[in-house]
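Could you have a look at this structure, given as structure tokens, before my questions?
Going by the order they are written in, the chains are A, B, C and D; count residues from 1 in each one.
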Amino acid sequence: MNPLDWWLLLAVLLFCIGAFGVLARRNTILVIMSLELMLNAVNIALVAVAQFRAGSAGAGVLFSLFVITVAAAEVTVGLGIVIANYRAKRTVQADRFDEMKG
Amino acid sequence: MADANNSVLVILPGIVIACTALLVFMADTFVGRRKEILPWIAAAGLVAAAAVAAAQWLDVDELGSLWDLVTGRGSAVFGGREGEAGFAGMVALDKFAFYCTLLFCVIGVLTIMLSDAYMKKRRDAMGEFYGLLLLVIAGMFGMAVSTDLIALFIAFELMSLPTYVLAGFLRGDVRSGEAAVKYFVNGAFSSAVLVFGLALLYAASGQTNYAGIAEAMSGLGADAESGLTVVALVFVAVGFGFKIAAVPFHGWAPDVYEGAPTPVTAFMSVGIKAGAFVGFLKLFTIAAVGLGDIWTAALTVLAVLTMVVGNALALPQRNLKRMLAYSSIAHAGYLLLGLIATGASLDSAGSSAVLFYLGAYTFMNIGAFGILVWIRNRRAFRYGLDEVAGLARTMPWTAIGMALFMVSLTGIPPLVGFWGKFYLFTAIVDAGMTWLAIVAVVMSAVSAYYYLRVVWYLYFREAPEGAEVVADDAGPALGSAVAVTLAALGVLALGLYPSPLISAAQGALRVLIGG
Amino acid sequence: MEGTDAMKLAVALIVLLPLAGFIVTLVFGKRMGTRAHVLPVALVTATAVLAVYAFEWVFRHQEEPFVWDAFTWLVAGRYEVTWGFQVDTLTGVMLLVVGIIGMLVHYYSIGYMHGDGGYYRFFAYLNLFMFAMFVLILANNFLLLFLGWEGVGLCSYLLIAFWFPKKTASQAGKKAFLVNRVGDFGFTLGMLLIFVTTGTLQFAGVFDKAEMIGAGTLLWICLLLFTGAIGKSAQFPLHVWLPDAMEGPTPVSALIHAATMVNAGVYMVARSYPLFMHSNTAMLVVMVVGTFTAIYAAYIAITQNDIKKVIAYSTVSSLGFMFMALGAGAWAAGIFYLFAHGFFKGLLFLCSGSVIHAMGGEQDMRKMGGLRTRIPVTFWTMMVGAVALIGVFPFAGFWAKDEILFADFTHHYYVVWVVGVVTAFLTAVFAFRMMFMTFFGESRADAEVQAHVHESPKVMTIPLVLLAIPAAALGVVVGWPPEEGWIHTFLEPVFFDVEHEEFAWLGTGGALMAFSLVVALVGVYVAYVMYLKRRELPAQLAARVPWAYQASLRKMYMDEVYEVAPIRSTIAFSNWLWTGFDVLVIDGIVNGLARLWDWVGAALRQLQTGRVQNYAFGIFAGMLALVIVVGCIWGV
Amino acid sequence: MLAPALGALVEYADRPLSPSTVPGRRAGPTIHMTSEYLTNWFYVWSFIVSGAVLVVLILLVSKLVNPSHPTPGKLAHYECGIPPVGSPWSPFAVRYYVFALLFLVFDVEAVFLFPWTLVFRTLGTAGFIEMMLFVAVLVWGLVYAWRKGALEWA
């Protein structure tokens, strides 16, 4: 199998590790970090494709740039929300947010 | 950058909206206590954006009047059949985008009116609220115009990120904060999945431009339907399904809808859904047009689950806000039928039905939530079903409005909700998937139970003791009243005479699919 | 075609006037106070006149029905739905029934609802009902018909629950709503199927294609439509809502639940004649359901003590009779019966209302009696209605009922015929049981009620008289001579090529006619023996020893119940049907459907844990599942 | 030990699955390579396997296997090995995070400047103006933060 597959496989594994972090971690800060991990997996995939795949290669690199910046904005919003909640609820544990259900 | 000016022209409405947002933010820090001006600025910006979009059409169109344009009559289309492309084909302002722009502006203005009394109670947050709202709408506009994976992704995030903040913008309110956390974690997770899907789509085709992807895929012939494409499309469907709260990606929706401020909930249930739908409609129908059978399969599974689970979960709810949340999940299920129909038959009927339904749903749902805001503005109200019992006597007109919206949501003629379902279901039948239509009809019959139960409480139940306590958000709420009234008129008028809207929707689709 | 413009105007007004009445009354009614009725009644009167005009028009143009697509509702591709109206002879008959009875009921209500809290609300709803009912019968496509169908349904729920502070009333309204959901759901599916197969919903278009539709599909279409009819026309097993609907004000019972709305199902089936004509199985189903309902409801009616419940079950039975006729292929006879039934059943209800009015709200017949002399007008008119109901020569019911039985017989549905005859017998029994218990013998009301017994005001009695006339004479006028009567030739264009049996006076026809007449009279006699004859005895006793009076009176009841064994078993059986079957099984099913969904919802709710990461897990698991599913559909 | 397993996986995945695949159709080297890896089902299986193993199993197993006899000691969360004393947040003023976030945003947005410098000449004036607009928006945001008082220790 060709090299691109190995890169994509790496991306997949990284993505799944990040997903695992999001699902398993109780601390929202760590959850956000795991989210960043997932987005970085995407970046690897994008750059790898841009490298090996015929077609408009530049797009992949460009795309990854945007992913990076959006990820930054995302983490900013996320941390902001976490801080606001910490003020109100004095906790960052994800599973403590279960007031509404059903 | 030869077409720089042209490109700017293409996204001019979006630019107008975004700049208005910046203006609102800045004005917020300068006006001091006179914050009542902010909603006016925001509304003006939206109107201006709509006007710009319309003007762009009129100066290049041989169309006689704006009315012809809106009703989709007449022949010519902006810059020829393809619409006007900009930024190296990353965006295109075509008739489809035009329809969506108008729709989004209507949604935005209605939301601004709705939040009138609500925001007067929370002056300090006015700047954030209206600024973020405008940013979201700018993102929705981006969803409508983008014809490239990158543009789609940016628009998607621009639409999402401010919404997380809006959901939790009642600082100090535990439920609102909880809503924000849930929405953010799930949202960020699913958008990571989405962007991974986009990356894989890029991997499969080597292109990020919709047209390019379609071309590359057709070049591959049968090989196009490979594992890679399947995974890519499924991932895209997941990110999309999350935004429209399709089962099983819906878990967040009821909690967020319940926790978020009601005007925000109203906006999310209508605006975000509309934005997501138009964006992915374009992606699926242009880029993945050759792979219809794959994403149709995926969406069919989602649609059935969504309709069944959404309705089943709405039944036991006794909190109106939560009930409406589940109902909007169910409606997302109906809407999916339109996409499926287009994917299965490559006929534009389904997609135009979706556009029509989005318009119809805007009036119904904003109206329904608006009534809740309005009641809360008049008396103590925790959105409980029992609290509206006997409302017909204490607040007759409010009760009539509520009944109207509920009946319309049920899909009983002659209200607009009926036509929405009518077009969706007929489209799916024409696409040869009658069984789906039957499922949908059964489910709407079920939904009648919980919608009309509300009407029942309004008219045939005795009012609870001590209903006339002081209001939660007391104060002048002219805006909310106007918004609800407009919504009610829309539901009635479009119900009695839906032709203009439907032909407008069909006209909009003619650009994408040679309907 | 001459006069179409006038006709257009008439039809438009027929639809619009009641609507206007509804809106104005709803908005300004409160201010009009006790004069809230003026506008609606005036408008309905005008409507009735127009309806008569329309009838007269179609009378002159029987062969060429009036069809008018007022305006195109929406033009979207191939789907074209119009506000289209059509007046053919069938519609003409319906117009007469709805227009005239509707008008009379409006007048009657002025007296009956006098001083009620929701006076204006009542008239507003009535006008809305008229609007919807006219839309229903004037529509020239299924969708518009369905619109009216839902409209009358809505009004029916609103009016059943009119006195909603009464728990039973709001319950009854809810029940009516739920039960009709089932029927309407079938109807919707039927329309969908029609649209899928024929690509249109216009009557003309659909019926033209009727032959082309495959037998299986056609059967499904007919059965689904009939499901709707079962719900609306209160046929077994969806009839349960109608008896409870008596919680509504009596004029409502008369107009909606006897004369007009409940006939909508019959009308719809008759309207779909070209479809049913081609599906014998469907016809058979219609006939069986109708026949069974007829006798079933008649059984139950015998033991009811609430005067309105008796008439209600009798209505269910009569509707069963109509479906029996349609199913047996006696289309004209069925509509004829509908025509007559509308008048005499409406009359009976209004009379019962007048009785209740006189008794100060008392509905229990055991507390009545001897009203004959106290409220003569009501008595005589009600007697006309009862006689017409049981079909005594020459009253309206006689001709209609007889043609149906004749058709059953001549079409060799002997079983159906026997059931029909038995039903006729039972009908006679309970009708006159009601008459005797109410009007004859000693009054069993307590003193202070007695004191206040009074004939109803003119505004109520005059409509009774006006209704009594057609109830008595209609049969002879339109139904004579049998099988060639005017109504037949009149309905010829609608029910084309229905084979006719020759009616021989000195043959089957005459014999059957005589026989059923005898049966009816026997029924009356039985009722007389059971509920009247043994009454003089206690009366004489009562003259001497008052204390013995009560005791003996109760004893008398025992005797009446126990003296004749077959009657006892009948009563027991009908009791069982009523309490056991109706209340338990059928209500159980209706409520069960609702509960099932509640249960499903509750079960799914468990998954809605409120935990952030459980939702995220749902997303992830759903993602994997979707990959697998789509992967399996698509590559492997 | 992962590699051989994956090798086997690939063997399995590489077998032609889609019946519609016509081996004959090949157009040019790129597409050749493309269809090579496009037609295999490597991705489906790698996703399902790694996803299921990494997430579903770990979550479920940990749920099932571990006996739950909760005691206060066990319930204490152990992100950093020892039971935390007090809130881990207390030492820092919330302001710190606001600054951190502001820095993060402006820092990362600067990433767009680098590719711009590479193609600066070719873009010419239009590109310059566009970038200035971009920077202006960022400055606008900074001013907003400042006006909102986010930049002061309080």
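The rule we apply is simple: a residue touches a chain if its C-beta (ideal position, glycine included) is under 8 Å from a C-beta of that chain, and two chains touch if they have at least 3 such contacts.
Owing to the predicted nature of the structure, the values given are computational and were not obtained by experimental measurement.
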| query | Taking each chain's centre as the mean of its Cα atoms, which chain lies farthest from chain B? | reply | C
| query | Pick the pair with more C-beta contacts: A-C or A-B? | reply | A-B
| request: Mind checking the centre-to-centre distance between chain A and chain C? Centres are C-alpha means, answer in whole Å. | output: 65
| request: With chain centres taken as the means of their Cα atoms, state the distance from chain A to chain B in Å. | output: 26
| query | What is the distance, in whole Å, between the centres of chain C and chain D, each centre taken as the mean of its C-alpha atoms? | reply | 67
| said: Between chain A and chain D, what distance separates the C-alpha centroids? Give it in angstrom. | reply: 3
| said: Show the residues in chain C shared as contacts by 2 or more other chains, in ascending order. | reply: 605, 608, 610, 612-613, 616-617, 620-621, 623, 627, 631, 634-635
| request: Give me the residues of chain B that touch two or more other chains. | output: 181-182, 185, 189, 193, 200, 206, 225-227, 230-231, 254-255
| remark: Residue numbers in chain D touching two or more further chains are 17-18, 34, 37, 40-44, 47, 51, 55, 59
| said: By the document's touch definition, which label belongs to this structure's chain graph: line, ring, star, complete, or other? | reply: complete
| query | If you look only at chain B, which of its residues touch chain C in the complex? | reply | 181-182, 185-186, 189-190, 193, 225-227, 230-231, 233-235, 237-238, 242, 247-249, 251-252, 254-255, 293-294, 297-298, 301-302, 309, 312-316, 349, 412-414, 419, 422-423, 425-426, 429, 434, 437-438, 441-442, 445-446, 448-449, 452, 456, 459-462, 497-499, 502-503, 506
| request: Over in the complex, which chain C residues touch chain A? Could you list them? | output: 605, 608-613, 616-617, 620
| task | Can you check the complex and tell me which residues of chain A touch chain C? | result | 19, 22-24, 31, 94-95, 97-102
| request: Under the touch definition given earlier, write down the residues of chain D that touch chain B in their complex. | output: 13, 17-18, 20-22, 25, 27, 31, 34-35, 37-45, 47, 123-124, 126-127, 130, 137, 140, 143-144, 147-148
| note | So, in the complex, the side of chain C touching chain D is made of residues 617, 620-621, 623-624, 627-628, 631, 634-636
